[in-house]
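The structures come next, written out as structure tokens.
Shared between the two complexes below is chain A, which pairs with chain B and chain C, respectively.
After this line comes the complex of A and B, so read on.
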């Protein structure tokens, strides 16, 4: 993604602009430090750099973490002394000193290869320039990055790299964001001496997502290391030797990993690029908007690049706590579904069964009329997977005002328990998973349900040799795991201590139990949770310093729904309803809806719900509205509108507010801040974006369940990773992926 | 005047490009990516013969049990010998299964080394050394003689499947240059032989080929009857006597 990738925590995100608090951001306050007032004391400090050198801060605003403060060593970068933790490489020391060293093959999250040689710097007393990415920094080393030797080394390496590189810049998608372009302008010389014939390489077919032009490859092996280490699929390798080296899969294999799109970011040149985005736009034409992904419950931070009204591509944003620098393929490529099957006008189904476009006034009037003709107990509202917290708040308020309490969110099951937050949240937090040493996965396949959580588990398994036990149907996880069983009986055995895995759990320092949200749909959900609770108790998974009992949610809307209290009075209310308000809900079992029920579908895609709807109210998708989404760890994040809404669509909560006024039960909020203040009265954590509240009440507060555990084995909650919600089902790229990339 | 200089330089550059490029001297017999054929595709089953399975175990015992992947090169060599001189994709997959690594890691090793043939070779794979000392002594003529006699191009197998010609790096017989090697894959891994035929002439090399075709085993080593191994023609003319013994065998006594 280029040098200097800044962690993007904007002011909006950091919560400084909370409604109601005026911060004088535009006024610079004059600060006096103790050093300024105490001049002699400052000069007496021996460690401070000579006063004529400017103060240096680490590259990209990074903070340095000293795992062992006594072990800090001092090195000199261009004459500037800097303290670094022991074990850091010369390149990392230079980064702390604020010097960005050019590199192609080094990546902070991958193993060190040292084969591009672009990071060569001069080190005193060393006969040759040193590959800074691989050389550990020794105490007292004097590193020089701007001497003629280092500059000549960079020019030479760049000349070599450009020797066999084709002159593809005009037709290469990476132009404008290409590391090779940037570094040759900054560090290369202006001419080369190569007059022979360049070599060319056959392109490989890696699937419908990654476009390969292997002639452009500079053999940095970042993609090979990514695939081996982070994605866990050993598909790519470096074949041949010398200038005829090729990156490929040798036999024709498609990259089926769910993280395969990340090699597009990682490749420093245009060898691996995005196939759906090929030849569509240049990166300088695009406006980047920082937003949140809603295809799963992880809430990966993304940047939506748009040109005008069209979303051109989606790139990851750095968030160390949730998704690091990666996003799953679904998140990256589903955006073309935003252009298809969009609802743009309110429509009413006429007596002949066909839809007719009407004005908002008429549509809302009809809905208001019908809603007054039914009894309150026959009104049902279902919030969809992609609903934001504001719209769910509005829906619940409106239906409550109409007298009904049958509002729920898809995926939470027939009788969700929203009382105790720790019962539906990933209490360990995604970054906390790295501290676990034993995992027990119950009825969840993290690889398809939450690919970034799976990547984190894999990271822990690799780094700390964590053990993973899995209970559920046989599945393909990209790390070593023990398949303990398929159904709840295995859980009972583990709880009773009869299973060999129980001893592993009990002896673990930080056991982590992850229950999938697919369990919510089961009738014996309470029994299963109480058994899991017993296991957690015996393994001491819930302690003041470590909470290892987690639930992995499936949808972006589930956590916020439970925080806001979208719990229905009765789970079978649909069968006896006469007025159903589907707010983006496409996974409702349409057969359960009675023939004479009046269905209002408010959503952005003409997916499954519209086939039964009587009225369609078009609303905006996540890329077009500012909404609050809570991820599976309970961290609230907001999306930012990147593109304008389509046609006559409006924001979800605004439609409901308008409807409430027409229906005579006006909701008391008119603006975003007003509805957020209303949210604050119900669930104040929704307004504290980017913060996670640790669970105060332990799960054991729940009364003992007297349910019987059934013997039905756990099922898979996500059948097709690529098609899980209305936007992905409308996407052509996702259709190609599910046709060619799903593991049969 | 500048125009003339520019035109001259332009002509020079054009000449460089117009030079008929020599036929690319391929070392490895195959491409760096695999194309399925009827006798080389991942669906064909392949496993080591019973006799070779014992050899596999013996090879694996040379390496620590948690670093089985160190055995990749000897196992690939054994697989190549068993399969008649070349490695199929299924053979490489089987080796990957034995040493418990992903197949791509084995593919990487097999494509790196040019002595691992990934396309078919003849029962007798003739390798001509082309490095400087042999070249100076006429290895190009040897190679041309072989190719003309067999009627094939480099790395191509003759129609009867008996011979193929390839180029090899220096095999250390510079004193007996030029030389060829015959890798004998006609009897599987038990009868595998890798013999040097040194001091060859274009005529002699054709005789060797015909002898092999008849099933004979020509004597290996120098083909010059007047030489003994690397000694000169007509016998040594220096170092004729016994080496001088040290003044005193018992160093402590002196």
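After this line comes the complex of A and C, so read on.
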């Protein structure tokens, strides 16, 4: 077109053609092309992307799930055609096409708010830019994300956000990992025009875990939506309007929810940060190690951020099947217990009752001597809540070699049944809970026992209006539930069909029954399980395609212990024992131990067990060793060492292997691979890490139990959510939480 | 100091193992006689006792007890003599003495003693540290 104009000018100047004569060729210096001539042909041909561009892959290597493959629609993102499922928003379509659109208020797991306006993109045939997070993608839409209009929109939004944002970057904990910093560098303009004074907001006290600097808040409302939707508490809200908007609790309340720490991750700016981590480190000095949480049986995936020998903070890792992106407060903040009350030297209790630090040689020599003076039937071993599978394997092997079969794990009760796997794991996997439509909770309070399982149940209740029936002591769950009763009598009524809830169960498509591991400690455990199995049969909960009969475990070590076969010979072997080996076991009833018994405590914290111990052998905590843990749904995962061991401590299984050699009953493995191949001969599923191994046989193989059910109502297995094991009991932050945040 | 000057000139190689053995013992005696001097130079009275230093020297010599070649023994003695001369001449400093020959010498008596003969590699590594 330009050339035509040029040629007409030269022709006019040359004087050959006088102006005034109508020459259509010169006046209209439009170059004519075939598209202009043929209007229909142009519309039918879409702009095809230049053939040499690489194929676009979704952002972050995500997979796209098409629930209805016939319903896929095609949109064009920056000229590139992409197929998306129906119902997706423009932002999600761009994500599939590989374009990451900046956003502050949108989060894939929360409802859509659309109030930050940072995700504005240009859509053809639309008078103004659209908020891509809220606009559903229609077929044939042409989305443009890199036009000058979209860029100007982003710069403008950034300018507005930064107007009232304080200049806190040097003192803000979020510096280095702040969405506002990153997006202003990438999408903001280089200069500001703000010359007035900024507004400031008073800080709110949300408890000992979440530090608030509300001046930095950009009112994205992510925290409000998280608290109402996922945590189930309606603590936070937006007060006021316009520039006077404040996020807070309207009354002076602390955030008592067990998921309150996740708002720290969700907040894109430094308004909500971690109080224990305040001013401690910058994110670029930290080394992240991917590991597993051991405070409860869920096995949430975490990332331990450490600086040198110290754990600085714990962040969640994405695992869609287990914990999505959230972790409970206990998991997030208990790490300061790893620095207190640590055992770092072997110690022997002298005749005056005081401990004396000795060398490993002497300590192991003393233990070996004592163990040979005792009869095999008087040797007892107890594995603790935080023991990994390798150390439990070594303990069982060693004690079996010494002639004793009284090894068990805490929390499994006096007579655990490890034969049928489906009797002690969560057969509906944690992600499978989303498909259930009726829940029956028996003797379990998932909110304090396994917070992530509770979050999943709440997600199902919200999304599918699932019904929840609860049998146990009065407790508050953050979703609507029916309190059916407090004791086993209610279970009998449901099994016989006399209870109104039985009909709900029978009519359910996917019923899910969850029994808590607190039932293991009861004397009538078999009777209760047989009643529950009757209920499951009448509700058709166990089918080839759906197994709804679950057990919710309490400790990280229980499932692996039962997989490895840590079942004691007799239930009350402690009262008649002379040699007790406590491997991190603090919940053993110390009164039951006889006065003349020799107690060896092998652990990492000086908790309850050491008060009765005669010898202390220091071992490493979960953040310092590579151990295999099986979670409540039967998925084996390994922790990775993030920090070096404290003092003279050793790994648990290494101590037992060294002890076996000194005692003359040498175990046949001396490296991690060797002990793992030994584990493979016993329980091969422990080696398949990150894979959930479902149970093959159902309860129908169990023999009939003739036990009488007692009328004692169900109790609470977890009294204090914040202090459940040796590390959490040693933590100052957990002590503050249990003092201020527990509901009295 | 004076007795060290004698060994300045490099002696010819020892002809046999017995002569090398004799030279080793002479070196050890030389070192032990210089120890009070070294303790005075570097003010080690509060840090170690002469007996501990003697044990340290002995263990260093014992570390190479497995060597049989007289020429190699001569070379090791030459290097040992050089170290000793450095310390006696105050060419090294206090932190060298302490760091190289005082700290971390707990295993002196237990160094390859009779009770360690029957234990496996695993147990030896276990006693020393968690990461071996």
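Going forward, the second predicted complex is superposed on the first by the 694 of 744 C-alpha atoms of A that agree within 3 Å, B and C clash if a C-alpha of one lies under 4 Å from a C-alpha of the other, contacts with A are read in each partner's own complex, and residues count from 1 in each chain.
Here, a contact is a pair of C-beta atoms (placed from the backbone, for glycine too) under 8 Å apart; a residue touches a chain by one contact, two chains touch by 3 or more.
Given the structure is predicted, the values throughout are model-derived calculations rather than measurements.
Trainee: Which holds for A:136: it touches chain B only (first), chain C only (second), both, or neither?
Mentor: In the superposed model, A:136 contacts neither chain B nor chain C.
Trainee: Look at A:645 in the shared chain and tell me whether it touches chain B only, chain C only, both, or neither; answer first, second, both or neither.
Mentor: A:645 sits against chain C, while chain B stays out of touch.
Trainee: Tell me the contact category for A:662 with respect to chain B and chain C: first, second, both or neither.
Mentor: After superposition on chain A, A:662 lies in contact with chain C alone.
Trainee: For A:350, select first, second, both or neither according to whether it touches chain B, chain C, the two together, or no partner.
Mentor: In the superposed model, A:350 contacts neither chain B nor chain C.
Trainee: Applying the document's definition of touch, where does A:240 land relative to chain B and chain C: first, second, both, or neither?
Mentor: The first partner, chain B, only.
Trainee: Given the touch rule stated above, what does A:403 touch, chain B (first), chain C (second), both, or neither?
Mentor: After superposing on A, A:403 lies clear of both chain B and chain C.
Trainee: Find the residues of chain A that appear in the contact set with chain B and again in the contact set with chain C.
Mentor: In chain A, no position sits in both the chain B and chain C interfaces.
Trainee: Which chain B residues qualify as touching chain A in the complex?
Mentor: Per the touch definition, chain B meets chain A at residues 13, 16, 21, 28, 31-34, 36, 42, 89, 101-105, 107-108, 111-112.
Trainee: In the complex of these two chains, what residues of chain C are touching chain A?
Mentor: So the residues of chain C in touch with chain A come to 119-123, 126-127, 130-131.
Trainee: Under the touch definition given earlier, write down the residues of chain A that touch chain C in their complex.
Mentor: Going by the criterion above, the answer is residues 359-361, 620, 644-645, 649-651, 654, 657-658, 661-662, 666, 670.
Trainee: Enumerate the contact residues on chain A facing chain B in the complex.
Mentor: Residues 195, 197, 202, 204, 234-241, 244-246, 248-252 of chain A touch chain B in their complex.
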